[in-house]
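Chain lettering (A, B, C and D) follows the sequence in which the chains are written, and residue indices restart at 1 in each chain.
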Amino acid sequence: MTRALELSVEVGSVTLKNPVLTASGTFGYGLEHGAYFDVAELGGVCTKGLSVEPRAGNAPPRIAETASGMLNAIGLANVGVEAFCNEKLPILRERNVIVIPNIFATTVEDFVRLAARLDREPGVTALELNVSCPNVAHGGLEFGCDPAAAARVTRAVRAATSLPVWVKMSPEAGDIRAVGRACEEAGADALTAINTLRGIAIDAEKRRFRIHNKTGGLSGPALKPIALRIVWELSRAVKIPVIGIGGIATARDAIEFLLAGATAVQVGTASFADPLAPKKVLTGLESYCREHDVLPRDLIGSLSPR
Amino acid sequence: MTRALELSVEVGSVTLKNPVLTASGTFGYGLEHGAYFDVAELGGVCTKGLSVEPRAGNAPPRIAETASGMLNAIGLANVGVEAFCNEKLPILRERNVIVIPNIFATTVEDFVRLAARLDREPGVTALELNVSCPNVAHGGLEFGCDPAAAARVTRAVRAATSLPVWVKMSPEAGDIRAVGRACEEAGADALTAINTLRGIAIDAEKRRFRIHNKTGGLSGPALKPIALRIVWELSRAVKIPVIGIGGIATARDAIEFLLAGATAVQVGTASFADPLAPKKVLTGLESYCREHDVLPRDLIGSLSPR
Amino acid sequence: MLGAGPGDRGSYGDGASERFDARRRGDRSATLRRPPALDRAGRPRYAHGVPDLGRFISAPLVKRTALDAGYHVLQFGLDEALVALPGQFVMMRGEGWGTAPLLPRPMSILDSGRELSVLVKVAGVGTARMASCPLGERFELLLPLGRPFGALPAEHTAVLVAGGVGVAPLVCLAERLAQRGTAGVVSLYGGRTARDLPLVERLAASSTLEIATEDGSRGTQGRVTVLVERLLERARAEGTNVMLFTCGPHRMMAAVAELAARFGAPCEASLEAPMGCGYGVCLGCPVAKKAGGYLYTCVDGPCVDASVVDWTREVFA
Amino acid sequence: MLGAGPGDRGSYGDGASERFDARRRGDRSATLRRPPALDRAGRPRYAHGVPDLGRFISAPLVKRTALDAGYHVLQFGLDEALVALPGQFVMMRGEGWGTAPLLPRPMSILDSGRELSVLVKVAGVGTARMASCPLGERFELLLPLGRPFGALPAEHTAVLVAGGVGVAPLVCLAERLAQRGTAGVVSLYGGRTARDLPLVERLAASSTLEIATEDGSRGTQGRVTVLVERLLERARAEGTNVMLFTCGPHRMMAAVAELAARFGAPCEASLEAPMGCGYGVCLGCPVAKKAGGYLYTCVDGPCVDASVVDWTREVFA
C-alpha cells in the first residue's frame, strides 16, 4: 500500500540502507537478538569492541543505574577478533547483517593488527575504532583525547585496511573538534560520537563505589543533550559524516541527532530496556518522514538556524 | 532533647557552620526564600553571578528540560555588583545570611574590579569566581578550560582581596586536575566543582533549538555521576578543599559528594522543584550523621578504597 | 449591553517594600507596575484581595474529570484553605515523578479554598502524567504564585478574552467579579472547534458569553479577535469604557493587545513562558519588554499590562 | 523422611546449537554446563520442560497483594499463556517510568500461564514503584529469560534452601516437583523473623518445610544453614542422596554451597547480580568462576552449579 521510502544515507563511500545502527557494546555481536526482530533490517550493527586477544573484562559490579542513565565499566570483555571472525561473522554474513566491527587496542600496532585481520573477511562494512573507552587502564582516553594520538591510530589503520574507517570520539577530549579534524585529516571516513563520559556512583550506606572499577562510563538519556551538542559541533567542524550516539531511545531522539548534523545514528543503552528499540526507532523514523514528507537524508543538519 | 551535632566544616580559613550551601544562579540573591525557610540556617548562599555592570541576560527561551536534567542559558542576568552591594547585601547582613558572592567577568581587570568592590563590604564570607560559565560569548569557558588562564584570574583576584577565593571549575576542561592545580598554586582557597556542561535540546517538530542561545548548560541529577567523578579526581589532585555541586537534591546525594572528597556541597537545580531542598538536605545530613554516629567532617573523602 | 460595572478599585499602594523589592531582578528598573501595598502580615494587597503567602505543600489528587479533547480538571485536597486570586498559579509536580520529569509545571489556579483545582491540557510528558494519574497520588504544590489580574478601573466594563486552556484564570476572574457584584462582565471565548472550549459552561454562568470557533461549529466562525474587534468598535460607538483581560496562545494575546492599543483600552494579559522555579530564582521565564529588557513571568507576572510586552519577540522555541 | 523421590531426568543433549552458541560470551570457553538439547522449534529443552522463546510484551498489572514486611505479589494479565520453568526470570519495567528508573528489573517468575506473578521485595526506587503501582498500569515484560533449575538426579531427594525473597523460584520449583509427583521434597526456609517468610504457606503446601528465624520467632532459632547442615548430616547417616537448590542472599548461598561441597551433594544456586539487559548483550551481570573468568548471570544462569562459582568474590557493591 504505502510506497517504500528511500531511507538510505551515505556514510562516506558506504550507502547504508537506513540510518539506524546499534551501538557497540549494547547489542552483543548482533546474534543475541534473533528472536526479537530481524537484525538485518537495520542500517548496521556495531559489534562489542574486539581486541586481539579475548578479554574477560572487569570484576563485578560493572554497572550501576543513575538518574536517566547508567554507568558501565565492562572493561571490554570480548571473544577476541579471531573467535569473532570464525564464530560470529559467518553467522552474521549468512543472516545478511550489515556489520561494523568495533575494535579496541592499547597500541597502534594492535589496532593495525585488528584492522588487517578484519580486512581479510568478507561481510564487513566498515571498522569503528574505539579510541575512547573510559573503562580500561590503557589505550582508552589516551588516544581519544589527544588529536595527535587519535590521528596516529587513524592513519595507521587507514593504511592497513581498504575498509571505511570510522573513529569513535570521546566526550572527554577538551577540544573535540580538534580531535575530529585530526582524524579527518588522517583519513577517517566518518566520526562516531559519542562514547560514554566517565562518572562515579557511590553507595552512601556502605560508603563504597558502586562499581568495582570505581569510574564507569555514563550512557543513556541523561547524556543526550551533551551528545547532541557534540554532534552538532563536530558536524560543522569536519566534512566527513558524523554518526550520532548518546541516549537515543525513540525515533524522535534519532531525528534530533539527524537535525543536529548526524548522517546516521546508533541506539545503545535503550536496547537494554527494550530489545526492539533499534527497530522501533527505524519504524518511527519512517513514519515521521512520511508525515513530514521528508527523507532522512534531508533531515541531516537541517536545523533552522534561529 | 537531642544534643546539637557539630556540623561545621573548614573550607580553608573559613569555618562554615554546616556544609550545605546553595549554588550560584539557582537561589537568586538569597532573598527570594524568606517565606519558605530561614536561609541563615544554611552553611552559605552563593549568589547569582555578579558582573561589573547589570546584565539583562539572553533572549528567551532560556531553559529546556532534558532527561533528569535541564539546560539553561540565562546569560548571567544580574543586577550588577553595585546594586548588589547597595540593595541586597544590607538585607542579607541583617538576616545573618552567610554570603558568597559569585562573580563573573570577561577580563582579568573586571574580575579584579569586582573583587575589590566586594572586599570593601562587610558580611561577605568568600568570593566564588565563575570562570566556567558556558552561556556567555566571552570570558566563560575560555578562562575555565585553560590552566594558565584560570591561574591568571585567580592570582589577580587573590591579590585584590583579603577574602577567601573559591574558583568554580568547568567540567569541559580537558584536564580538570591541571586547571585545579593551577588555581591552587595561584592562591585559590577552595575549588567548587562543577559548573554545567554544555548541551543542546532540539524540537524535532519545529526543527529548532529549544533554547535561543542554541547551547545551554546541563544541570540536575543527570549530571551527578560526572560531578561526583570530578570532585573525586580533584580532591585527590589538590590540597585545598573542594566544594561539590551537581545534581544534589537529597541528603544522600550530599553525603555521596562528601564521601567522594567534597568538604561542602551546593544545592542547585533541586531548589526549583522544591524551595526547601537545601534545608531538607541539611536536615537529612544531620539525621544520617546521628544514625551513623559520624560527623560531616569525618565523611569527607572517607570512601572505602575497595 | 456594555453598561460599565462598578468595578474593583485599584489598590496598589506606593510604598516599595523590602519583600517586594527582594523579588525585583536586575534589569527591571523600569518595573511594570508599582508594587502593591502590603497588609499587616506583609502580604501584597492586590485588586481582588490579599492572597496567601507562598507555601510549599503536599496534597493528594482527589478528583479528576476528563473533559473533551484532552482537557482535564484536577482537584487536590488541601489541609488548609488556600486564598489565591484570579491569575495566580501553582507550580506542581507528582511526588512519584522521581527525577524525570524534573521540574514542576506551572498551572493557573482555577478554584482555591480547600479544594484546589486546575485545568490541564495535555501538552507533553508532565501534563500527560497529570492527566492519567491515579487518585490519591500526592503532588507537591508551591502556591499561590505570581501577580494576579489587576483592578478594573472605575466606569469600565470587564471583557475577558480566552483562548483554549487560557480560559482557566478567566473563569476564576469571571466568578470572582460575579461574586463581588461586578455587573456587565463579557467573555469572548475562542477555540478551533466546539470541543475546544473547556469550562465554557462556567464562563457562561458567570458572564455574558460570546463564542468564536475557527470551524464555525459553535458561535461565530473565525478567531476570537473578530469578536474583540467588534466589541471594541461597539464600545467606542456607545462611548463605554472597556478593560480587556486575556489569556491564551501568544499570538492571540498579541492580537488582543494590538487591538486594545488601537482602541485605547487598558489590557491585562496572563503570560505563558517556560518556567524553572516559579518563584523568581532561576531567571528562566523572561518575556521581552517593548522598552527593552525583560519581565520575569513568575514574579512580574503572569498577569501584566499587555502594552508593556514586546509581542513580536518569541517566548518559546 | 529423606526417601529419594523419582526425580526428573536430566535432559541436556550434547549438540551445541547455533542459537545457543550465539549466546556464549568470550571468556566462557569453560562453560558451566553443556548446552541443552533443542526441541523442534529450536527452543532449549531443560530438565523441567521446554520454555517459551523470549518475547517482549506489554501486560497490565491486574492484582497486587501486600504481604508482611514489604513483600508484594504482583500479578500481570497476559494475552497468551506463558510457559516458563522454575528459576527463569522476567525483566520488567513500568511503561509509565519514562527515563527514570531507566533499566528493567529482573524478577524471578513465581507463577506462569496467563497470569504471570512475581514476588517483589522493596529494595530501592524500582521495586518501590512496583509495590505502589496502581492496578491497570502496564508493564513491559521480557520473558522468560535465563537457565532454569537443572534436573534432580535419579535417587536424589530435592532440598530447597530459601532465604527471604529468594523463596520465589523455589516455590515455583517445589510446586513443579509436586505436580510431577516428585516425592520427599524438603524445604528449608530462613528469615530474620517470622514476618520475614513470604509465601511460607505455599512452600509448606508443596514440600516438607522446616523454618529457621534469627530471632527464634518461628521454627529453629538461627540461620537456615543450621538446618541445612543438620539435614545433610542426617542424610549422610541415613545414606540418602540429596541435591540442594538454593536462592537467597549471596552469603547464605555461599554457605550452602560450602556445605554442599563438604557433604558431596550436588547444589544449584539461583544467582543474583545487577542486570542491564537480561538477555546477554550488556555484559553487566558477571559472577566470578572458581576456575577464573566469569559466568553471565542472565544467560549462563541464573541457575548454576554452585560449585563453579567463586563465592568469595563479590557481585554487588
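Definition applied: contacts are C-beta pairs under 8 Å (C-beta built on N, C-alpha and C of every residue); 3 or more make two chains touch, one makes a residue touch a chain.
Note that this is a predicted model, so its numbers are computed, not measured.
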item	value
B-C compared against B-D, more contacting pairs	B-C
Centroid-based (C-alpha) most distant chain relative to chain B	D
Length of the line joining the C-alpha centres of chain B and chain C, rounded to whole Å	35
Intercentroid distance (Cα basis), chain C paired with chain A, Å	48
Rounded Å distance between chain C and chain D, as computed from the means of their C-alpha atoms	57
Chain C, residues touching no fewer than two other chains	98-101
Sequence positions of chain B contacting 2 or more other chains	67-69, 206, 208-209, 212, 220-222
Touch-based graph of the chains, sorted into line, ring, star, complete or other	complete
Chain D partner contacts - residues on chain B that touch it in the complex	67-68, 221
Parts of chain A lying in touch with chain D, wherever the complex brings them together	25-29, 31-36, 48, 54-57, 59-65, 67-70, 72, 74, 77-80, 83, 87-88, 91, 203, 206, 208-212, 220-222, 249, 269, 271-276
Contact footprint of chain A on chain C as seen in their complex	98-100
Contact footprint of chain B on chain A as seen in their complex	66-69, 71, 145, 172-175, 197-202, 204, 206-209, 212, 214-216, 218, 220-226, 228-229, 232, 247, 252, 255-256, 259-260, 288, 302-304, 306
Of chain D, residues touching chain A in the complex	18-19, 21-23, 25-27, 53-56, 93, 99-104, 140, 142, 273-277, 279-288, 292-294, 313-317
